[in-house]
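Quick heads-up: structures coming right below.
Look for chain A in each of the two complexes below; its partner is chain B in the first and chain C in the second.
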Partner chain A sequence: MKVSALTTAELELQLKQSGIFIQTGPFVTHLQTRIASVAQGVGLLYTDFSLLEQTDYADFHVSLERPHNLRRWFKPQVLFRFDSSPPFKPLPLDQALPMLEWGLNWCVSSHANRYLIIHAAVVEKDGYAAILPAPPGSGKSTLCAALVNRGWRLLSDELTLVRVDDGKLIPLPRPVSLKNQSIDVIQHYAPEAIFSPKVHDTIKGTVALMRPPTASVARALEPAQIAWVIFPKYQAGASTQLQLLPKSRTFMRVADNAFNYSLLGTKGFETLSNLIDAADCYDFTYSVLDEAIATFAALKPPTFNT
Partner chain B sequence: MVIYNNTSGDTHLLGVDAAQILLLFEQAPADLGIVSEQFATGFPAETHEESTLQIEQILLQLHELALIEIC
Partner chain C sequence: MKPPLILQAFRQPDALTTFSLLDWDMLLRQARKGNLLVRLYTLLQERDLLQQVPPQPREQLEWSQAVAERHRQSVHWEVKQIQKALSQVDAPVVLLKGAAYVLAGLPAARGRIFTDIDILVPKASINQVEAALMLHGWMSTHHDAYDQRYYRTWMHELPPMQNIRRGTVIDVHHAILPETAYIHPDSSKLLAAAQDLPGYEGFKVLAPSDMVLHSAVHLFHEGELDNGLRDLTDIDSLLRHFSSHVAFWPELIERAQVLELSRPLFYALRYCSHLLHTPVPLSAIEAAEIAKPNRFTLALMDALYSRALLPMHPSCSDWCTDTARRLLYLRANWLRMPPLLLARHLFHKAFISPKEE
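Take a look at the complex of A and B:
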């Protein structure tokens, strides 16, 4: 059953009572909350996701709740709990939905060590995937959102999962988190995309979440093959430029962007070596989204992959 | 070249010269004379003494990274 099969009232009730077991990529999350805005956000953004029947097993048991403190009367807050414990300090209540996304990212990046986890967006087209690692503010999520609204499959806008066993890229399509000016840019670029309401004054500025494309969610259990590692950088007024990078330097930059590279030890090194060996690697500077999309459309697969 | 030291768990990005010297040590132990003889001509130094000094510095750096052991 999909989330869309439930009415908002039914979803709110289920989240309040036993919670929902929702499949996101390879993970099952058990989510409970009494906060109406979260229920509405889940109904809006996770509409295409599968709900599992009540089960004892979930990878992550999480809840969002209002802490029982004095602030609840004049400055209400929200607390994210993982296995009943709060890994973070509470945030203002209106940030509950972004907090769910940040919390779910934390669940994966802190626990899923059967994958090499890279802080990077990952998209795929015609069987070839591009990893986009980049620090915050580089335009990674903006470019990712633009690509997935122009025919690329979303694997993730935030966490690239490389399966240690075979080096395959494992999809984790979830809502795409956009910040500040990027929200208006993508709303203008893809008017048909569905967005959550904007949340202001978060630690990342103004945040809005974009619903992942239905087709990407439908293929969430279908791994992808690496073809390119591309470091995007948005630079106002810059011309579109794709510059080949040496693999050795790419390796070090990707390792710097990985959450658990050191933790995985030799397996992390081998997994990343195989990944970089199989990819063409580039620095990419852009300022015009249409030109960026055209550059991606013209990418040639690495010759050893064909 | 990127190398992984499974003793320390550290990953290092080495230049071409350092990588070639390390590969030489992978085959067999060597002293400064042997390394100099093998690589000195490839260094952009003006004299043999200068290139030996450059090689010595690389060996010290490899030692500091625990990639070779200087006895």
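Take a look at the complex of A and C:
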């Protein structure tokens, strides 16, 4: 059954009572909350996701709730709990939905050590995937959101999962988090995309979440093959430029962006070397989205890969 | 009432194969809270039962295993660094607890994740050890004058030292209990009986009985029992391992008297056998009873420890659990220093020390 099969009231009730067991990529998350705005957000953003009938096991048991303190009367807050204990401090109540996303990312990045987990967006077309690792502010999510609205499949906008056993990229499609000006840019670029209401004054500025494309969610269990590692950089007024990068430098830069590279030890090193070996690596500067999309469309898969 | 799943698992690992998916879900949640996931994995691996675990929980257990492998490597590496730093210090260095189990290759090391490395050195050498560590990049972590005095005058250790490059922490002890505690296990006896560690020149580990006793006093004088069950399974593992030696049990009882640690040993044997069904011979239980408290105290302690030693998960708690934890916290402070000093310390911490952000 899909989330869309429930009315908002039904979803709200189920989240309040036993919670929902929702499949996100390879993980099952058990989510409970009494907060109506979260229920509405889940209904809006997770509409294409599967709800599991079998409710006796979940990888992550999480909840969002309003802490019982005095502050609830004048400055209400929201607390994310991972199986009863909160990994973070509470945030203002209107940030509940972004907090759910941050919390779910935390669940994956601090536990799922079957994967080398890279802080990067990852998209795929015609069987070839591009990883876009980049520090915040580089326009990674903007580019990712633009690509997935122009026919690329979304694997993830935040966490690239490289399966240690076979080096395959494992999808984890979830809402795409856009910040500040990028929100208007993408709403203008893809007017049909569905967005959550804007949330102001978060630690990352203004945030809005974009519903992942239906087709990407439908293929969430289908792994992809690496073809490119591309470090995007948005620079106002810059001309579109794709510059080949040496693999050695790419390796170090990707390792810097990985959550569990050193934790995985030898396995982490081997997984990352195989990944970089199989990819063409680039630095990519852009300012015009259409030109960026055209550059991506013209990418040739690495020759040894075909 | 059935015991919590986490206790069932350690009592009868073979019965894990009959667990339903719902049981596994709850077991993993309890184990994660108790810092016992890796130990659970080890338990299954040693009995060759991993393949019989349903795929979803097995996946989670394997996630935790990655952490364990990395941990073992880094402990060896860190101890090598400490050894290098202390190579010019002419004093025995005894590794304690987790690091000792790892380096001595004991089963208690399997599946145990810890953050700090603890060492014991003679009190006369402690300044020399501190200076050598500082020269090699470890810095004292407590800069407040009161904290420095607290550690250096009243405690049994230096303020924890952190390596400025790796962020790793070492605790340098000269005794196993604070100076202000009411019992004083003689450190020179512990050092004299310590055993060499092959491959690590100048480094030692405690003798088997002393290792058990240290583990026991550490757990039963400790105020924060977040990892209580993990520490109890350490003692369980040490007891099972060392008991293959015939003279172990009588030696353990006798050594406890020499070191004034008969009471913590009594509790360790009692709660190991009650909660984990550790096979302790009847003769040892009876011999340990010389340190048994009066029956009212014992009933109270049973009520407190049977709750506080479980993982801090709602499924292992009842309406008394929080109170039990608080009372044991008070008890630990009571054992740590005399009442007047304790009052003064708590007053300073509450009203004078700068607040942590």
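Observations, loosely collected:
Convention: the second predicted complex is superposed on the first by the 305 of 306 C-alpha atoms of A that agree within 3 Å, B and C clash if a C-alpha of one lies under 4 Å from a C-alpha of the other, contacts with A are read in each partner's own complex, and residues count from 1 in each chain.
Rule of thumb we're sticking to: contacts are C-beta pairs under 8 Å (C-beta built on N, C-alpha and C of every residue); 3 or more make two chains touch, one makes a residue touch a chain.
All of these numbers come straight from a predicted model, not from anything done at the bench.
Judged by the touch definition given at the top, the superposed model places A:252 against chain B, while chain C stays out of reach.
Using the contact criterion defined above for the overlaid structures, shared-chain residue A:59 touches chain C, although it does not reach chain B. When the shared chain is aligned, chain C comes close enough to touch A:114, but chain B does not. Once the two complexes are laid over each other on the shared chain, residue contacts for A:283 go to neither chain B nor chain C.
Which of chain B and chain C touches more residues of chain A is settled by the count: it is C. Contact with both chain B and chain C is seen for A:265 once the two complexes are overlaid on the shared chain. In the superposition on chain A, A:94 makes contact with neither chain B nor chain C. In the superposition on chain A, chain A positions 262, 265 are in contact with chain B in one complex as well as with chain C in the other.
Put simply, chain C touches chain A in their complex at residues 20-22, 24-25, 29, 32-33, 54, 56-57, 59-60, 62-67, 69-70, 73, 312-314. Within the complex formed with chain C, the residues of chain A that make contact are 28, 56-59, 61, 83-85, 111-114, 260, 262-265, 267. The touching residues of chain A, when paired with chain B in their complex, are 248-249, 251-252, 255, 261-262, 265-266, 269, 273.
Contact residues on chain B toward chain A in their complex (touch as defined above): 1-2, 4, 6, 9, 11, 13.
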